[in-house]
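Starting off with a structure, shown below.
For clarity, chains are labelled A, B and C in written order, and residue numbers in each chain start from 1.
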Amino acid sequence: MPDIEAKERKIIKSTRKLSDILFENATFLFALLIAAIVIYIFYEMFMDSAESREKFGFGFITSLNWDSVRGEYGAMTFIYGTVVSSVIALIIALPVSIGVAVFLTEIANSITRSAVSFLIEILAAIPSIIFGFWGIYVLAPFMRTVIQPSVQSVFGFIPIFGGSGAGFGLLTAGIILAIMITPIITAITRDVLKAIPVSQREAAYALGATKWEAIKMALLNAKSGILGATVLGLGRAVGETMAVTMVIGNKAQIKESLFEPAYSMASVIANEFAEASGTLHISALIEVGLILFGVTFIINSFARLLIYSFTKKAQTR
Amino acid sequence: MTEEKEILTVSPGVQTDKTEFNPEEAYEKSKFALETENLTVTFNGREAISDINSKFRKHTITAIIGPSGCGKSTFLRSLNFMHDLTPGAEVSGSIKIHGKDISEYDMTDVRRRVGMVFQKPNPFPTMTIYDNVAAGLTLHKRQSRKILDETVERSLRLAGLWEETKDRLKVSAMALSGGQQQRLCIARTLAINPEIVLFDEPTSALDPISTSKIEETLYMLKKDYTIIIVTHNMQQASRLSDYTSFFYLGKLIEHSKTRTVFTAPKNKLTEEYVIGKFG
Amino acid sequence: MTDYYSMIKNNSRGRKLKSRVMLFLCVFAAMLAILPLVYIFFYTTIQGASSLNLEFFTELPKPVGETGGGMANAIAGTAILVGLGSIFGIPVGILAGIYVTEYSKNMFANIIKFVTDVLSGIPSIIIGIFAYGLIVIPMQRFSAYAGGFALGLLMIPTITRITEEMLKLVPHNLREAALALGIPRWKTTIRIVLRTASGGIITGILLAVARAAGETAPLLFTSFGNSFWSSSLDSPMASIPVQIFNYAISPYDEWHRKAWAGAFVLISLVFIVSLIVRLATRNKYSQSA
């Protein structure tokens, strides 16, 4: 480097006060604490499930056995219950949520909009124990006396609608879950739709599109954001405990019919943990929890990344 | 008018040649409230202003003019560490306050000596008029009620806001008009008793009447403070200031007495800008 | 855009009809989504309000068969558990939020944001297992501490997020104004920035508290439950949601009525808090507009 070119620059730096440094580091520590907690949750559950993991290995996931008397544990029935009830929830909640989001962003006037979003906010805040309680005394009887007979009279020949449930089962759990995850999918879909520039829709109108066609374009443009919202709702459904516990029937079995009782991962923990019959039982329950944690972690990470990338794209547009 | 004459006769121009040293200049130097040497600011490695050498005489008003984006605000903000908050900003060179290097002062001390009033009025919205003016004191250390009361009144008077607000000091600052809010911000800055006050286009968001009130205030403040004001308003610069600096593309093109800049600028660019050919 | 042109080539009457139908379906979806809320809300109110009396708030639960009694211990328990959670969750949430908006460089801010999102997605029953392993096992008993800790953890993501959002809304020039007065950065952050955002942050905290008050799963094996007054914070403690759960799955009508009353209390709390939040944020918007 030629000497003449090398300009010597004296950087002017501010001297930072000790109190400032302390405060910044304190806030940093708390931010770090959150990260540490998440990692530690995983670590603790991994360690505490050691007994069960060593005894059953990978067979734990595929085994249908759950017998605390004989000390044999496997998670498949719970995984099945969780997956099926969550998928039912999504199938019901997704179209409804998209409809509500479209209603809020494109159709409603400002008074209706704020009233409906307020009601949906409340719906999101109602404790799940209340959904469950309502499920036991209102939804389950309704399923048994109205839905099940009428569905079976028409579709009874299809195995998934057969059976002889008493109102408590996969379908009831799925419906409760659908009610519970509708607000979150709606809220994010609404935000995603809002992020789509108005100019796009105006251009569509200018070319003679109908209102629905313009909305459909917006929805297509927002599909990665909506997918994120959906996956996030799925994460909620998978982890939901009380409401499902109260209506799914709590029977560790896999039956063809959606009207039959089943069991979910979160429910078996809620029901058996406090009265577990020994260390292996606890360990097996924690392993179920570990699977649940892993699954929700993956689902949520995926959902968030989708939503982040969508909002980033929308911002730079 | 007499005051202005005095200044004009006392100050023999600031365009000094740094290489030669003479005792007279050393004496002059003590008259400078603020000096910069090779002051350069980069944002993420891109220079916004470069090698600004400038001196600001005590108890004068200096106007900084130049087209938008030429680095006026950047320069002003480097004088009291305002770039601290900007990630990627780097300030280099040297700044002297009363002949002493800025690094020898504590940062908050610098900011208390070099006050700043911003383009948009920015009173603290959660505070009353009184608390706004007193904020610089109360958030610095505990103060007696008496001192606070006195300071608030003195500052509001200086800023020309006392008569309008003395009966409603406990009202939220947001209840004031834009012009009043700006004068409140001036009072808030004066309350910490700075030696130098930087104004970044303080009247560009205001109506003509508020503007002239603030100009009056500035003119009065000259007795006790050294003032640097960024302005896009040529009339304002020529009305108000003793010296004028012309910035262009991040460089200080000319720094002379205001009369010189507006009547016989040394640089062609300055002339073109002043007569409105560009900018 | 090609499919778009094919869209407008079609005959326009059919398209208009389709548009109508789809828009109607959206309106229908909105009504469908609100229906369960309205149903649950009125059902709980009708079932609960009739069993609600002064005794409910002042008496301990009575054994099966005896009429009367209340949920005083569970109400106090929920207040204590949520209080313990707040002591832990509010400072952590706020300080972490401050770090993200005020101090962190982009990369780390994004990581923390991601982690809080992950934390908010962790099922609450898992948080219960975590608190069980961390506090119940070493103490060898169910305790209010463990329950409070679990609730605090659940509050953190909401509070961090709302703090971030609210601090972001504080105009940058207020920070500059304060710093230019020679006020140190940390004092600027607390006394000016946080103070300016406090309205929004408080509503966020209210929301987090109301949510925590309704949490059941994380309490099942941390604070457990108690039919009597708890003697101390390191003993099991009753809470409204757990009490509702125990009563709801019991076969006794009398207990069901008690549970509905408890549910009504919780739902009222949620409703009132949501209303406060709504009003507070609406005022904010109209002010800034």
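The rule we apply is simple: a contact is a pair of C-beta atoms (placed from the backbone, for glycine too) under 8 Å apart; a residue touches a chain by one contact, two chains touch by 3 or more.
Quick caveat: nothing in here was measured; it's all calculated off a predicted structure.
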Third chains touching both chain C and chain B: A
Chain of greatest Cα-centre distance to chain C: B
Between chain C and chain B, distance of the C-alpha-averaged centres to the nearest whole Å: 49
Centroid distance [mean C-alpha coordinates] between chain B and chain A, Å: 56
Chain centre separation (chain A, chain C; CA means) in Å: 16
Where chain A touches two or more other chains, by residue: 17
Of all residues in chain B, the ones touching two or more other chains: 81, 84, 108, 110
Numbers and ranges of chain C residues touching at least 2 other chains: 184
For the chain B and chain C complex, residues of the former touching the latter: 80-82, 84-85, 87, 108-112, 115-116, 118, 120, 122-126, 135-136, 139-140, 185, 188-189, 192
Residues of chain B defined as touching chain A within the complex: 38, 40, 78, 81, 84, 90-95, 102-103, 106-108, 110
Parts of chain C lying in touch with chain A, wherever the complex brings them together: 4, 7-8, 12, 15-16, 18-20, 22-23, 25-30, 32-34, 36-41, 43-44, 91-92, 95-96, 98-100, 102-104, 108, 111-112, 114-119, 121-130, 132-134, 153, 156, 160, 184-186, 189, 207, 210-211, 213-217, 220-221, 224, 241, 244-245, 248-249, 256, 259-260, 263, 266-267, 270-271, 273-274, 277-278, 282
Chain A to chain B touching residues, read off their complex: 9-17
Chain A residues within the chain C interface of the complex: 17, 19-20, 22-24, 26-28, 30-31, 33-35, 37-38, 40-41, 44-45, 48, 95-100, 102-104, 106-108, 114, 116, 118-123, 125-134, 136-138, 179, 182-183, 186, 204, 207-213, 215, 217, 232, 235-236, 238-242, 246, 266, 269-270, 273-274, 285-286, 289, 292-293, 296-297, 299-301, 303-304
